[in-house]
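Here's the structure we're looking at; comments come further down.
Each chain carries a letter (A, B, C, D, E and F) given by its place in the written order, and its residues are counted from 1.
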Amino acid sequence: MKVCDRNWQQVEAYLKTDDRAILPLGSTEQHAQLSLSVDTILSEKISVDAAEPLGIPVFPAVPYGITPYFLSYPGTISLRQETYIRLVRDILDGLRHQGFRRILIVNGHGGNQPAGSLAIEWMADNPDTSVKFHNWWNAPLTLAKVQEIDPVASHASWMENFPWTRLADVVLPTQQKPMVDLAYMRALSPDKVKALLGDGNFGGYYQRSDEEMQAIWDVAVEETRALLEGGWA
Amino acid sequence: MKVCDRNWQQVEAYLKTDDRAILPLGSTEQHAQLSLSVDTILSEKISVDAAEPLGIPVFPAVPYGITPYFLSYPGTISLRQETYIRLVRDILDGLRHQGFRRILIVNGHGGNQPAGSLAIEWMADNPDTSVKFHNWWNAPLTLAKVQEIDPVASHASWMENFPWTRLADVVLPTQQKPMVDLAYMRALSPDKVKALLGDGNFGGYYQRSDEEMQAIWDVAVEETRALLEGGWA
Amino acid sequence: MKVCDRNWQQVEAYLKTDDRAILPLGSTEQHAQLSLSVDTILSEKISVDAAEPLGIPVFPAVPYGITPYFLSYPGTISLRQETYIRLVRDILDGLRHQGFRRILIVNGHGGNQPAGSLAIEWMADNPDTSVKFHNWWNAPLTLAKVQEIDPVASHASWMENFPWTRLADVVLPTQQKPMVDLAYMRALSPDKVKALLGDGNFGGYYQRSDEEMQAIWDVAVEETRALLEGGWA
Amino acid sequence: MKVCDRNWQQVEAYLKTDDRAILPLGSTEQHAQLSLSVDTILSEKISVDAAEPLGIPVFPAVPYGITPYFLSYPGTISLRQETYIRLVRDILDGLRHQGFRRILIVNGHGGNQPAGSLAIEWMADNPDTSVKFHNWWNAPLTLAKVQEIDPVASHASWMENFPWTRLADVVLPTQQKPMVDLAYMRALSPDKVKALLGDGNFGGYYQRSDEEMQAIWDVAVEETRALLEGGWA
Amino acid sequence: MKVCDRNWQQVEAYLKTDDRAILPLGSTEQHAQLSLSVDTILSEKISVDAAEPLGIPVFPAVPYGITPYFLSYPGTISLRQETYIRLVRDILDGLRHQGFRRILIVNGHGGNQPAGSLAIEWMADNPDTSVKFHNWWNAPLTLAKVQEIDPVASHASWMENFPWTRLADVVLPTQQKPMVDLAYMRALSPDKVKALLGDGNFGGYYQRSDEEMQAIWDVAVEETRALLEGGWA
Amino acid sequence: MKVCDRNWQQVEAYLKTDDRAILPLGSTEQHAQLSLSVDTILSEKISVDAAEPLGIPVFPAVPYGITPYFLSYPGTISLRQETYIRLVRDILDGLRHQGFRRILIVNGHGGNQPAGSLAIEWMADNPDTSVKFHNWWNAPLTLAKVQEIDPVASHASWMENFPWTRLADVVLPTQQKPMVDLAYMRALSPDKVKALLGDGNFGGYYQRSDEEMQAIWDVAVEETRALLEGGWA
């Protein structure tokens, strides 16, 4: 149930029987040859697919996140951390104002981690709520599936290349890119990051079969749905 | 050219020949029987349609805006003004960092007006830029076209009811709702606003013919495109 | 009843019988040949004149506002939007703390509009209050009176030239200045605004007769007083 | 030279020969039987009187300050410290933008002291400027004059009772109020402060002769003028 | 009772019988030939010594303060005023959350004065608390003792040279440095402050006898302890 | 080289030959039976031990961090995320102002992770710097050593029980506590966290031999020192 496909009367009716909601967090940033919106597309779609049989509303994905290291890649937008946590707090405040009490944040971008810290601070301010912060792509079962298929997988590599994130008319490299030194990269400013990373893939092949990707997706949908179904405070 | 359909290399290539970009601003808020995302859908689509022949990139629409008066309508999310202007400033900073210098903000929601003030403050901080803040729905030509068709038009009435904002399986009232007293409404807190407004339409019929709507849309696309083409600082 | 002419015991006595207050908002900015304080002088005086027969307290006018486009004109001071809305919020919080519940903000400067957005946000936080944000100079009746006298009227033109805003020993131009292109001006940074505007008048004659000005003033006082008397939440 | 009595062209002319400016800081708060605006009236008038022979522009006084301890006295408005220092910083930024480099802040209220700290922080950010923060009423010579006349003098006592701060038709107590325990008062919340202070005078007589007051004023004007004339960085 | 020498169960037990706590405020800044941490060392030690017989917990000293004038001295770190008051507010909020209601802030650095203003604002927000802001070194009895021994005493002079703040292997000047013009210094930016101050001592000898220092310390401990024992709201 | 054991002249001399500095980040929070300052003690001591042979200055540890989940444990203080990142930014700004360019942040508390995000944002603002954010206790080699000794190790268990963090006269449980469900805990507000966690240990024994602890410490010192010696941008 995407909120953009509903009106307020339908949400009002839902709130009489349930208090769960999903907020997907994305980012607009370089993903090598893939769409600049990979993180938004994936966090929103995993949310929608997981929520579908449960009828839980999925609010519009936040399309901008925290990604200062990629600032030198055209098309990348990074919010300041202070801006971002205010943004997520305001959205959580709004959800609570209307009666939502159990909120699953489905995060699609590692740099958005401060929103996870904010969620804990927010629960301390609002002790009648329960918020789960879920990095869908590195949750235990999903990550295990990825590594079972190919352990060399990373940002902008094959593991983010789904039929719904790849672009038409873009030719992908066929070789396996060696993993970049991530610890070293994290001590670099944006221009040096770009010089080190080149096309932006952190390491690994650029594409694998659609069957493998679907298998990962199925695990991720299942794992995300389980978080909606149980384990709330 | 939607940025979500492009990768960073394509944006980099664009920036060698042009420095214009579009940022649509939406809102997630009650629109009577229509989608909660009306303002996001319309600001993004008008941007895409206007930019199409020019090849100017349209960044992801900001799906949350400033709408405190509607907070008592389920599904409505309102950002605090401080949050919102920081958010828009960070996006403008990011655009400028990568070489964009002429930016058209296509706003779909009246409550987002503080972003227009921010744009002027931001130009004072960045005098090498030019930003236009465009309320697409009440720009002179578009507004004239709306009023030519039916002068009783407002938030959540027929004038926002396009084939791309109405919901399947939702029955619309057929009578013409009298205009609410807007000046009075603006002095009310959210619960009182809801009590006054009822379904959320400010006044007017709930639907008119698709031909009339297309005629308005054509004017609005044209008027928006003209802002992209000329009159920059 | 100007607050500066009262002590706390007198305000305490007033609050036992009434809960209305007025907050005038001004600006320190270029007004062509007129005083740099035109907006403060006018918003305060209209408040005092409107409140006089009702005995409603008029708090000190805020003498600085949001005016980044005029920053290149000496003597102009612009507060950042974040600063300004915090300032107005703190004042509203203080008024409410002491028992005021119906507050008329009499605004004298268009750039201060974000305070109007803040007022709505503040009512959502304080639902037992009612705040009206009143742009005295373009309220319906006042604006109609201005246009009846001379439709070419704007910032720093004759329409702001009252006996209490013009300066001694300053000679005013006698021709009618053509209206500047306001939409174009709003996409310019401060130096370019100054280059475009010259002396700062947006368009129109520089002075009209005192009788005409008094007629406008009388309408504006009446229209402002009506807002004090009725239409509260 | 009050800025409200000048236009931008006159300030522009001034800046070709000088770079000094004065910013008075006031407060709207209880002053026992005296005007709620005592601190604003005095800081502005001392500025104007000191600047008069030098032709230095006096910007509009900031009429609201930091005064949380008096919040339970009707008519008192207190800005939060964060708001206040942002406000003063924005004004200083504006002054510097236009060419002012030597700024005298004439403060009329002890609670505004954080603006003095801000001034030092601001000079570190703007090393080409020099800012003096002047508490006019307890500067060495002025304080000595007060104590010479009557050592029991304090907030809202005779020492703030000038012909330009006392109210018509208000009868003043004639006895000498014993000094309140200030250290104890500073550990109290607003309701307890009001319970302790009663009418708001901290201690001392309520009025002394106009001759004595003029003598104090003359010293204060002289002392303030000396700060304008010399000792800049 | 230093909190770093306790576990949470011990603090919990304490809170069943008492609600007082101490928060020392320090600074990391030039102190001429003395330790860069003089203000932290002294505010923490005076707190611990004063609290010792009373069993009141001393929370970890805040080691960074507001000291922009010293920014050009290597090793000096200055927090912005906004940061600092947020920091102190969060700590006060935390103390109150756990049941502390009477809090003595023992400040070791004059530049931290905005935290004193914040304490008063915080009490207005939390009227069930009482906070004392204590500048231990210039409290009446301690200051009198210092001046009895040697009236030429200041920042980084002998009056801050205790056995626990002086460094091994550092040779101290033996002459008495003339007092710097403090009013003049406060109108200077950091580089000019350093040029004026030289080694950083504001004036006075660099060292006096340990007996004299111990005598001052004894008075200061006594005076601080008295604030813990009585005079709360 | 602890900065508290140095004066500004010594730091100035150091900066002529090197530009590295260390900033330890701690926390004041429940650690079961151990000191409330475990994270501060360990991050500071690991910094000092690692830096010792290299002569790199260790600035005072920040003793308060982000720990909202533990707010119901007496003695725990949690800074808001916005406060914390401003605090760390100000310290980084100060270090850079004086010439430091390579900064190792040695973090002792997982909740402080937003400071790692801030460090990357700060490098984007200051591209001439390199900052490493080092969680000393779960860096690869140190974590491997811990798990080699006993894989059941966590917050407040034996792995944080060093001779320098345990308290005299506190008896420790001797059994192995089962690991708490951390994912579940992260969706709980503070009171529920305390109800779930009991004494605060997340899981594992409470103490192991001093030899084992020294072996871990030796690895951690070595691993931290290696970060100081190489791998800078």
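For the reader, a short list of remarks on this structure follows.
Here is the rule we go by: a contact is a pair of C-beta atoms (placed from the backbone, for glycine too) under 8 Å apart; a residue touches a chain by one contact, two chains touch by 3 or more.
Predicted model only: the values in this text are computed from it and were never measured.
The minimum number of touch steps linking subunit B to subunit E comes to 3. Under the contact definition, subunit B and subunit C share no contacting chain. The equivalent interface to B-C, defined as the listed pair sharing over half of its contact pairs by residue number with it, is D-E out of C-D, D-E or A-B. Computed from the mean C-alpha positions, the centre of subunit E lies at a distance of 26 Å from the centre of subunit F. Distance between subunit C and subunit F, defined via averaged C-alpha coordinates, is recorded as 54 Å. Here the spacing of subunit D and subunit F, counted between their Cα centres, is 47 Å.
Residue positions 71, 78, 80, 82, 86 of subunit A are each in touch with at least two other chains. The touch graph of these protein chains is a ring, one cycle where each chain has exactly two neighbours. Following the touch contacts around the ring from subunit B toward subunit C yields the chain order B, C, D, E, F, A. The residues of subunit B lying in touch with subunit C in their complex are 66, 68-69, 71, 78, 80-82, 85-86, 111, 113-114, 117-118, 120-121, 123-124, 126-133, 183-184, 186-192, 231-233.
Across the interface of their complex, subunit A is touched by residues 3-12, 14-15, 28, 30-37, 40-41, 57, 59-64, 71, 73-80, 82-83, 86-87, 89-91, 94-95, 97-99, 167, 170, 199-200 of subunit B.
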